[in-house]
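My structure is below; once you've seen it, I'll send some questions.
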Amino acid sequence: MRIKVINPNTTAAMTAEIDESAQKAKEPGTEVVTVNPPQGPVSIEGYYDEHVAAVQVLGEVLRERDKFDAYVIACFGDPGLEGVREITDAPAVGICQAALQLASTLAPRFSILTVIPRVTVDIHRRVEEYGFSRFLASTRTTNLAVTEFSSNRQAGEKALLEAGRKAIIEDGAEALVLGCAGMAGLDKRMEQDLGVPVIDGVAAAVKIAESLVRLGKKTSKISSYKYPEKKEFTGMEKIWQP
Amino acid sequence: MRIKVINPNTTAAMTAEIDESAQKAKEPGTEVVTVNPPQGPVSIEGYYDEHVAAVQVLGEVLRERDKFDAYVIACFGDPGLEGVREITDAPAVGICQAALQLASTLAPRFSILTVIPRVTVDIHRRVEEYGFSRFLASTRTTNLAVTEFSSNRQAGEKALLEAGRKAIIEDGAEALVLGCAGMAGLDKRMEQDLGVPVIDGVAAAVKIAESLVRLGKKTSKISSYKYPEKKEFTGMEKIWQP
Amino acid sequence: MRIKVINPNTTAAMTAEIDESAQKAKEPGTEVVTVNPPQGPVSIEGYYDEHVAAVQVLGEVLRERDKFDAYVIACFGDPGLEGVREITDAPAVGICQAALQLASTLAPRFSILTVIPRVTVDIHRRVEEYGFSRFLASTRTTNLAVTEFSSNRQAGEKALLEAGRKAIIEDGAEALVLGCAGMAGLDKRMEQDLGVPVIDGVAAAVKIAESLVRLGKKTSKISSYKYPEKKEFTGMEKIWQP
Amino acid sequence: MRIKVINPNTTAAMTAEIDESAQKAKEPGTEVVTVNPPQGPVSIEGYYDEHVAAVQVLGEVLRERDKFDAYVIACFGDPGLEGVREITDAPAVGICQAALQLASTLAPRFSILTVIPRVTVDIHRRVEEYGFSRFLASTRTTNLAVTEFSSNRQAGEKALLEAGRKAIIEDGAEALVLGCAGMAGLDKRMEQDLGVPVIDGVAAAVKIAESLVRLGKKTSKISSYKYPEKKEFTGMEKIWQP
Amino acid sequence: MRIKVINPNTTAAMTAEIDESAQKAKEPGTEVVTVNPPQGPVSIEGYYDEHVAAVQVLGEVLRERDKFDAYVIACFGDPGLEGVREITDAPAVGICQAALQLASTLAPRFSILTVIPRVTVDIHRRVEEYGFSRFLASTRTTNLAVTEFSSNRQAGEKALLEAGRKAIIEDGAEALVLGCAGMAGLDKRMEQDLGVPVIDGVAAAVKIAESLVRLGKKTSKISSYKYPEKKEFTGMEKIWQP
Amino acid sequence: MRIKVINPNTTAAMTAEIDESAQKAKEPGTEVVTVNPPQGPVSIEGYYDEHVAAVQVLGEVLRERDKFDAYVIACFGDPGLEGVREITDAPAVGICQAALQLASTLAPRFSILTVIPRVTVDIHRRVEEYGFSRFLASTRTTNLAVTEFSSNRQAGEKALLEAGRKAIIEDGAEALVLGCAGMAGLDKRMEQDLGVPVIDGVAAAVKIAESLVRLGKKTSKISSYKYPEKKEFTGMEKIWQP
């Protein structure tokens, strides 16, 4: 089984951290390839970044179509997820959706720990779309930028512990979800310190992707996620033409 | 007052129809400029199309920043709307959001008439995000492609009348919303035949945009719609760099 | 185009302020006539006040039927709105519904600033009916009565600034809605001080009303808002008989 | 214990039927007085009717304040209910709210049988406000006017049986709620024919009112239902002044 | 009329308190018999306790089938309620559902006062199932165990007053609901001190049960609450076999 | 890794089918032990059956505590799930919750195929609790009893194909969920015939359980799912005492 994990931003250091978390989570027989696109924002912290990155994610799938059994989108905004579900029938898993699913089997209320305040409303939109508003105790920001989690792991961990502690004590969170792929791998230490389950979306998504492939499941192609209609994409290269 | 109306697809014939509807709706003192991007899908009928078109919409705004008082996105999926709200403080209005707002002041239940079935789920997502699920009697498809509304106005009108009639009789719709920019301008005739208000989103969006500008309102820049964070967009031209 | 703006209470000073805000907001070609009923409460701060005022609003419409192209109800409880939509096919716009609509195009979360605590639950009911619960960050009270906003503009403004600041900092509001017609015209100064959009419902409603008239739209008469059934209104004057 | 049952319309024949149902439902020690206002619509089938009738209901309470331990509003739109809760601390019970409460203890899904289609949306609003949307299988109309249920009991019963049967078979209703005070007393026969519980709101409201009085409960006067603010009601008689 | 009130735990002292509250609430002609099962947890404070107690509640009904006109389940988790509705057509009323119903006729927002934090999420689930999420201002815990309310009435009352006061001041509660059968009978004193309605679920459930019996209503047997399917219950005594 | 799969009913033939599906789904290194309790209903088709079976499920966990890394409850009502999450910190996965999670990553709308109509409302309650109401296109019944799926696989398959086809064509389902453990293993053939993903909850739950164990996750023990409070369970054997 081959899974392509796509970091939608262009920061190679973050791709490496995501890869480490993904490799640890996978089954022995699974091959995980982690990449990032050559173009686009170095981090994703808003709608503009997300719109641009979504197209890059699509490019990563189109470039090597049919060589992977599943795709993981490793950014908590799950940019391009629905589009990927159209252009391939291999299961496509977003780290946000996967993290929320696993968290909801371990605790009836959880909080999401994220980066800067501007992304909160967009996270809530995703949480609602995936059905988990009723599980959400709160979203807590660390006020660190995405890239700061890569460049200074210790500062990131400290900020997460503080935000997590407040979520547990003040908001009633019974589990925590790491709300940024840049936080991949920080769950274990937090669990020890805080005593509640902490979900790393990258690891969660790899497991959900493996599960779907192992059970032989494919994305539904009957209506919403049909392959794109045959039509011209004016002025765009061949790989983009449906 | 200058308003830029952006048709997110590349079909010039549709841009012309959108422009006609927008010009009819505007106040005498308003200048409306209607454009479409040079690149991208000839029509938008799914997530993949939408992701690609969203970036083209952003490009249309970035290309002539500060020359317009408001922007209208003339596709019922409102692609790129949130991103546009980040890159400018001029009000950005989607034809879906605007149409739903006006419809909800005329009737407590309305139906949306749209193109092919695959877009229905995505429309429902937008309806919910904008707050109008409680007003939605149904979404009815015509089974015509977007471009067929341009190429064959008569067939389009006939299909819309039939879908609208069913929405009124079978679903309890008390008003109708045209769920595709390609249907712009078809509202008047339908109102005469069906006896209920029919909302053309292009016209609605122009009025909402004019209203916001006239009252001196700007997009909130305090959090979710702040200008994009200063960061590198790897390998992209200067206009894309925040 | 002629729009009748109805202040549902009997305080002439407030009618004058509402008129000032409406006149400023209207297009050059629009004639706005602002009135208040001869009978009823001097202000509306609860259900009892609202029930009595609703009938007065209906009277104002019945008295001069067919002389106006649209009606604006200038009280944040929108008293009588649904009834007005029955007795005329001219669009009827409530300042609450209009304010929420414009606010939701400028910010994904906003707060309503209102008068005394007892009206909060009723405001939430309206917010939910119009579909905007998901946009509501909070409702903040100033603890001033409706009439105090007319009699002491400075005190009103100060209280609003304080409530607005708390809404932004503590509740995450990204825009503010003035939750009482007595606050009409106070938006500009607040925007300067607080740096977020502030919506005056009177101005918003005038623009929505103009938009509907300009597009030739009428209230749907097919079911919920049909003209009242022909029946006797026992012991009531002729204008009240359907 | 004295309960005042108020038929909000002016049709004495309906008041008599309501009284009969209320007298049958009450405990031996309870005195029930059923009245209708001298003014207002002969039946209530829409918002306009409802706005006018609401004020008449308030008048019926104000006229004999402090002589009753509880009030029942005997129209399925519960007109004036919130206002009555302000002007007295004696419990005020609407037949819609009471019927939905009892129905929800007997079946997890029920349908409401009502008069003409135009009232459906308003009923749904009430159902949602009281919290019972999740229990609602459907609202079925009989296409009979309110007064037809008084003038022709047999035709009314037949129409209700037909609508009820459809609700059970086609909509999954497991109980039925009579959605008009004019249907009072028709529940028993329907239960025999249809084999599911049928709730008469008048009877239900009398029991809820008795229960509240018997337990010594009063309407909360701490905020939303406080007595009206002391203020002038311009040009209105003394009993209307708070 | 005979009503069986079932305390689902095995603590006789609590059964006595529940009985006292039930006897005070009932009509003269009603006979109330209050019991507790011979087996099971001494108190119910979590899902495990609840699962075990639910079966004991079923046993209490099966043991004396057809001897009672209605059943009241006197634990705020309403354990076994839906099962009881299957094994008898006599109305079955849970104290949680009944308390929420009466509270919602007296105030538009109320808080539930409960025991220890672990039960909060389960209470919210019930509140939502019964339709009252929109009325819920908050759930406040006293941090006392269920049995402490029996063993030390004074300490219980003090903790409830403190929690109730906070609910009113900080959460906007306009009425209070006692969220544990162990608190039965403590409502009167709290009402005097706090000035808002306080609902004792045991008393409320007795009144709802009497109301349903008095009106001749039975649990719907058409689908969800049909008698259990005829089938073997392996290794279980005869009374358990459907 | 050792997973205990518990069939909550006492039908050994069904336990064998469940085991077959679980063994096929598991990873090579996982040991799956499938059991059913010695006591209780031969099938679960309603609340009474479910209450009784829930306690048997708890017994199965208590009997061999600490010998398994995770538990799967193999009945679509997930009976006892929350209780199991209290009595062990090993992850507990219900086949309903797991099936809904995987289905929601493959299609935006799906239908549940179930047995007899009486279970529909209970299924909807679970769907809502887990957050998947927005994904639910419909629940379709086959009108076959649980045990008929074991005793006559061919009839079961035929009924499922027919119900599934209707769900796709009439309700807009884009994937199907097998809503009974008795249907385990029937997904593959249905996928071939119907062309949409079909989720077998037993297989799904095994994968989710494995994923949680593999990532080292435990049920949150901080509040709602804490171990049961130390207290006496009157008259019950030692294994039941917390």
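Here the chain labels run A, B, C, D, E and F in written order, and each chain numbers its own residues starting at 1.
In this text, a residue touches a chain if its C-beta (ideal position, glycine included) is under 8 Å from a C-beta of that chain, and two chains touch if they have at least 3 such contacts.
Only a predicted model underlies this, so the values are computations on that prediction, with no experimental measurement involved.
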| item | value |
| --- | --- |
| Farthest-lying chain, centroid of Cα atoms versus that of chain C | F |
| Listed pair (A-F, E-F or A-B) duplicating the D-E contact set, over half by residue number | A-F |
| Greatest separation from chain D - chain, by CA centre | A |
| Whole-Å gap separating chain D and chain F, where each centre is the average of the chain's CA atoms | 44 |
| Per-residue multi-chain contacts in chain C, two or more chains | 108-109, 120-121, 129, 172, 223-225 |
| Chain A - residues contacting chain B, complex | 10, 38-43, 45-52, 54-55, 58, 80, 82-83, 85-87, 116-118, 120-122, 125, 128-129, 145, 223-226, 228-229, 231-236, 240, 242 |
| Chain E partner contacts - residues on chain D that touch it in the complex | 25, 27, 91-93, 97-98, 101-102, 104-109, 129-135, 168, 172, 174-175, 188, 195-197, 199-200, 203-204, 207-208, 210-212, 214-225 |
